[in-house]
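Each chain gets a letter, A, B and C, in the order it is written, and its residues are counted from 1.
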Amino acid sequence: MASKQDELFRFVEYSPENAERIGYSNYSYWRSVMQNFLKRKSAVFMLFVFVGLVIFSFIALAIGKYDWATLVTNTDLAFHKPDGEYWFGCDNLGRDYWCQVWYSMQTSVKLAALVGGGECVLGIVIGCLWGYVRWLDRPITELYNIINNVPMIIYLTLIALIFRGLSFPVMCITLIAFGWLVMARNVRNLVFMYRDREYNLASRCLGTPISRVLVKNIFPYLISVIVLRLALSIPGTISLETTLSYLGLGLGIETPSLGILLRNARNYFVDYPYLLVFPAVVVALITITFYLLGNAFSDASDPRNHV
Amino acid sequence: MVKYSITRLLQSAVTVLIVATIVFLLMRALPTDYFFTEEEVMKLTEQQKQDRLEAAGLNDPVAQQLLRFYNELLHGDLGKSRRIRVDKPVIEIIQERFPVSMKLGLISLGISLVLGIALGILQVLNKEGPLDHLGMIYTIFVNAVPPLVTYSLVLMFGAKVLDLPSMFSKRNELQSSIMPVVCLSLSSIAHYAMWTRRYMVDELNKDYLRLCRVKGMPTKDIMIKHVLKNAFVPLIAYIPASILFTIGGSLLVERFFGIPGMGPLLVDSIGRYDTPLVQGLVVLYASMSVIGVFLGDVMMTVMDPRIKLTGKGDTR
Amino acid sequence: MKKKGTRLLALLLAAMMVLTACGGGGEPKQPDTTDTPPATTDGETPSTTPETPTTPVTDNKGEPIKDFVTYQTATAEMETLFTLYSESAGDLDYLTNCIAGLLEIDNRGKFLPAIAKEWETPDEGKTWTFHLRDDVVWVDVNGNEMAKCTSKDWLTSLEYVLNWHKNSGRNSSMPRMMIAGAEEYFKTVEAMDEAEALELNCDSDLFKNTVGIEAPDDYTLVYHCVSNMLYFDSLAVSAALMPLNQGQLDAVGVGSEMNSIENTDLWYNGPYIMTEYIQNNSKTFTRNESYYDKDCTLFDTVTVLMVDDVLMGQQLFMNGEVDIAPLSESNLRTIYGDPNNEWYEHLVEGRPSKYSYQAHFNFHKKLDDGSEDDNWNNAIANTAFRQSIYYGMDLTNYWARTNFIHPEKCENVAYTMKGLLYFSDGTDYVEHVWEKIGLPDGRGRYDATKAQQLVEQAKQELEGKVTFPVQLDHWIAASNQNSLDQAVVLKEIIEAIGGPEYITLNIRTYATSLKKEVTDFRLHCWSFGNGWGADYADPENFLFQELYDDAGALYSMNTSFINEATDPQLIEDYKTYTAMVREAAGIYDKDERYEKFAEAEAFMLDKAFVVPVLYQVNWRLTKVNAYTQKYAMFGMQNNMWKNWETSTEPYTTEQYTQLEAAFNAGN
């Protein structure tokens, strides 16, 4: 017995520094997020694809032989099939399709990003207030029900008609105004859950202001949900924009979007499938990317998945 | 429970009323020209237009119109359509349209529930396997790609390859319903599969299941008695609402295939300034959604006695 | 353990699938698809018929179609089934097949007897007498006879139309303008108490004593006009003068009850009975066995499908599901570009639609902030500036948007529609206008050199008053891709006149198809492509719309806002034009009257108050001989499916050329 003990244990010299050392695990929240995220190969791959696509949209416009702003119609070239001169062919008016697709993609991504960001900010602010400030619960719940209980298309149609069409800013504001709901509800439920945990109670007893409690104590728990919503809202916005364009309620023509290209292509795709395929593939790439990214990142950013 | 239900329904009625009021006011913010056809806008004199607006009661102060609307609503009268079908009671128009939407909606709901749940179960059983991945890819594709594109593909495939009729027709209802039903089901199958999978995985990770396994309960029993049943509870909350929503129809699908249902009615009636019809539809949609949520909650308590409905913290 | 589970679930899945199948198939479906077949009974695939140009009409191998199928797009869905209430072509195109009127029109726009077997006006249009057939009956939806159709039905209908409390003034404007006492009766009744007004009918003393209509017996009908109404017969083919039986009113009710009438409650005296109506899906019409005209050619059934867009219609035609399909540009291009295409030989060109399309300038434009757009207003008030646009627009590409194979067929250089009015020697009124503006063929207004001179002249005259380039705001519906495509073409056309430094066209958008959200605020520079369809056969119906200082002049009041313009020269010219038109309107000798009108029209065109831009001539695939269809520029009857020559085989281009030649030769 004694000999075994000797093998397993030995004496060490007393060292004052080591005695002061604490069990620090070198944990960093964001590093763990990144590590977990990088493990999802498909998501990382799609991220590269998307970034590549955005960068390429600029390159494409630069290397394209035609500029969107100076496109002219040419009936002889109508429905010209893709070739060396017109890489994506020509549309029904004989205009180069290549620059239209990439230009539209930029519009759509810009719209989706702005709407996603806006929804995010508005949703978090309202969600926090909703969950934390008790007397606001009732009014915000009412507001939520009012917007949520009617198909959004009613409000969108009415606004489109009142504002004489949805210009880019109006479209952004409208979509944000009706899009914050889901985010706010998710945030609210989480805030509700963590608000009365003991450590928050303690924090409040120590006199921490509400804003600090929200930002420092509760907010980190929300990140995963927020990222997920943000990522899902981008494909959502793009889908919604195509649907609105189809109904004639989309963006004006001075801002060509993928939705408008798709709507137009619908009339021709049986005979000229490339008019549908190019924008559709671009849309699908963007939306699928964000879908995957969102899921991967939200898993990665959930502290419960770390360790 | 009863008291709670009553309060909650009363609250909902107030919500519906507020929604109707907001839409009412928004409608009145539209220029009255929408009230006329393009030809009428061109060919009628200002006096004739004023006369028509007067006759339709649209020249009265908004407050007065609103009071009249409330009064009619109290008497269960939704008014008469103006432009979709001149002077036909709104209720009759809705009655004519909703069975069509509902029928297609219910069929596709049934299909998507069965296929979706089955797919979800298969994915769980084959977790991280090829089937699971296939299911995931399907879910992602259907969720991410805009419906307009998906429907175009279905239409192209259905019409060109399978030679299915591309127009809905009462004479050939079975065949001509196939493509609409497929379009309606595509995304909801993915939806139900995703939720089934998620809830089942959550359930599988619970401690009591480990106990079941340890005590030697057969997988079959575990799956049916515990996992599926418990995973079903959150799903079931959505079902009443989904059933009610079939009444509303799908705007895109019904436009696409020329189905005489409720879907396009709303946008058409707004575009034609058919105020009574718009208001009728809004009241209908808002009530459906409120009732759907409420029924969902009730069903949840029925399925799972642990859940209790109280006035507190049940905002969804 | 895992395997077992899988098997179980697979079983479960299989069971569920079976259930689903039942769920899908167990729905109550109408089993009989053969009861009323979707009309294409032609089994043979369209063979490319070897053409031996003999008699032009009969060389098509097909049989006449018995069950005709056509389609419409959703935007034109019917709003009411009550003829007297409806003022929209969307309704009347179908109702004309249900209700027969006094007269009919033929394939050249001339009048034919219908229920009135003879009619005359002994005093230059002051009184009109119609002698009716005695074998016309009203039937219900099942074909049961409900009543005889007599002259009294026209009294009933006129009373109904003129009674504000019954018909809200719908369709009343033309009768009030033309029939003696109608305006007075209308005003009196409008001022009446509702209950009292609803009591009125054609036997009431008020109606009898006020309105200039009488029925000496059951089959004679006399109208008295306010003045010499040379063109009263045009009213006889419009909705306002369609008959209405008192029995129908007694059965259904008046006002909203009639407006919301169902096809099953309607009484029919026309060639077809509307046997099924599913809103936003389809309408079915069945031949009326009791229709008075036993010798005419009618289809057994006509089905009208509702499709989302024109493209779908083409697909349906190619599948043999419909019998006529206008072609969209893309489809036309595909077929036209490929001589091996199955449909290459079947491309046919239709006749012009009944609208004469114009561009109207706005003489009182405002900016978005509501202030005056002086730059535009000064420029457009200058005659040379307007003329530079008038002569300088090379519209070929614009016409190609409508018809790229023969764009020149779309050229329109006159204001009044051709084929509407004929001098007594048979020449078209519009040909006289063409001569007066120096384009005897009606072709070739574009003149680059002349335009260049005018550009220079305008630049000189406007020096200091106007900053070039002049900004031209062109408004289109945001949702409408077609108008966008046109606008892009127009921008190129406009900016080619004197270069982009002369005029710049800005494409701007509004939300819906209703232009009023722009024109109410005077935001437009011009209103491009307004189509005016005639209400009745007289030049005044067109030329009155441009009068100066006249509240009834629709384009002056709503589009050009000429009454608010300030330029003295412009106003002077407009006043001259107005005086010319008014002088012509006071002449009751037809030829002299038309000649004067033609002079006024030529003056207006020379001053370029408006710019005629287009006739609509479309390509299509069809099994219908368009030259046998009714073709009038006014009235509600163009879509009456009567005496149509059809073939189960689609017509070929060559056959259609022969048909056109034969038709023109018969002129």
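Following the convention adopted for this analysis, a residue touches a chain if its C-beta (ideal position, glycine included) is under 8 Å from a C-beta of that chain, and two chains touch if they have at least 3 such contacts.
Computed from a predicted model, the values in this text were never measured in an experiment.
**Q** Among the chains, which is located farthest from chain B on the basis of C-alpha centroids?
**A** Taking each chain's C-alpha mean as its centre, the farthest from chain B is C.
**Q** If you tally contacting C-beta pairs, which comes out ahead, B-C or A-C? Let me know.
**A** B-C
**Q** Express in whole angstrom the distance between the two chain centres, defined as the mean CA positions of chain A and chain B.
**A** Centre separation, chain A to chain B: 25 Å.
**Q** Distance between chain A and chain C based on Cα centroids, please, to the nearest Å.
**A** Inter-chain centre distance comes to 49 Å.
**Q** For chain B and chain C, let me know how many angstrom lie between their CA-based centres, rounded off.
**A** Centres of chain B and chain C (C-alpha means) sit 39 Å apart.
**Q** Give me the residue numbers in chain B that touch at least two other chains, ranges are fine.
**A** 34, 255, 271 - these are the residues of chain B that touch more than one other chain.
**Q** By residue number and range, which residues of chain C touch two or more other chains?
**A** 315, 512, 517, in rising order.
**Q** What positions in chain A touch 2 or more of the other chains?
**A** Answer for chain A, listing residues that touch two or more other chains: 161, 247, 263, 266, 270.
**Q** Would you mind writing out the residues of chain A in touch with chain B in their complex?
**A** 137, 141-142, 144-146, 148-151, 153-155, 157-159, 161-162, 185, 188, 192, 235, 238-239, 242-243, 246-247, 259, 262-263, 266, 269-270, 276, 280, 283-284, 287-288, 290-292
**Q** Mind pulling up the chain B residues that touch chain A in the complex?
**A** Within the complex, chain B touches chain A at residues 15-16, 18-19, 22-23, 26-27, 29-30, 34, 140-141, 143-149, 152, 156, 160, 248, 251-252, 255, 266-267, 270-271, 278, 281-282, 285-286, 289-290, 313, 315-316.
**Q** Write out the stretch or stretches of chain C touching chain B in their complex.
**A** 1-2, 4-6, 8-10, 12-13, 16-17, 19-20, 23-25, 27, 29-30, 33, 35-36, 38, 74, 79-80, 82, 85, 87-89, 168-169, 173, 255-257, 259-260, 278-282, 305-308, 312, 315-316, 321, 512-517, 520, 530, 551-552, 554, 557-558
**Q** Which positions of chain C touch chain A when the two form their complex?
**A** Of all residues in chain C, those touching chain A are 309, 311, 315, 328-331, 333-334, 397, 400, 404, 476-481, 484-485, 488-489, 492, 507, 509-512, 517.
**Q** Flag every residue of chain A that touches chain C in the complex, lowest number first.
**A** Those residues of chain A that touch chain C are 72-73, 75, 78-79, 92-93, 160-161, 163-166, 247-254, 260, 263-264, 266-268, 270-272.
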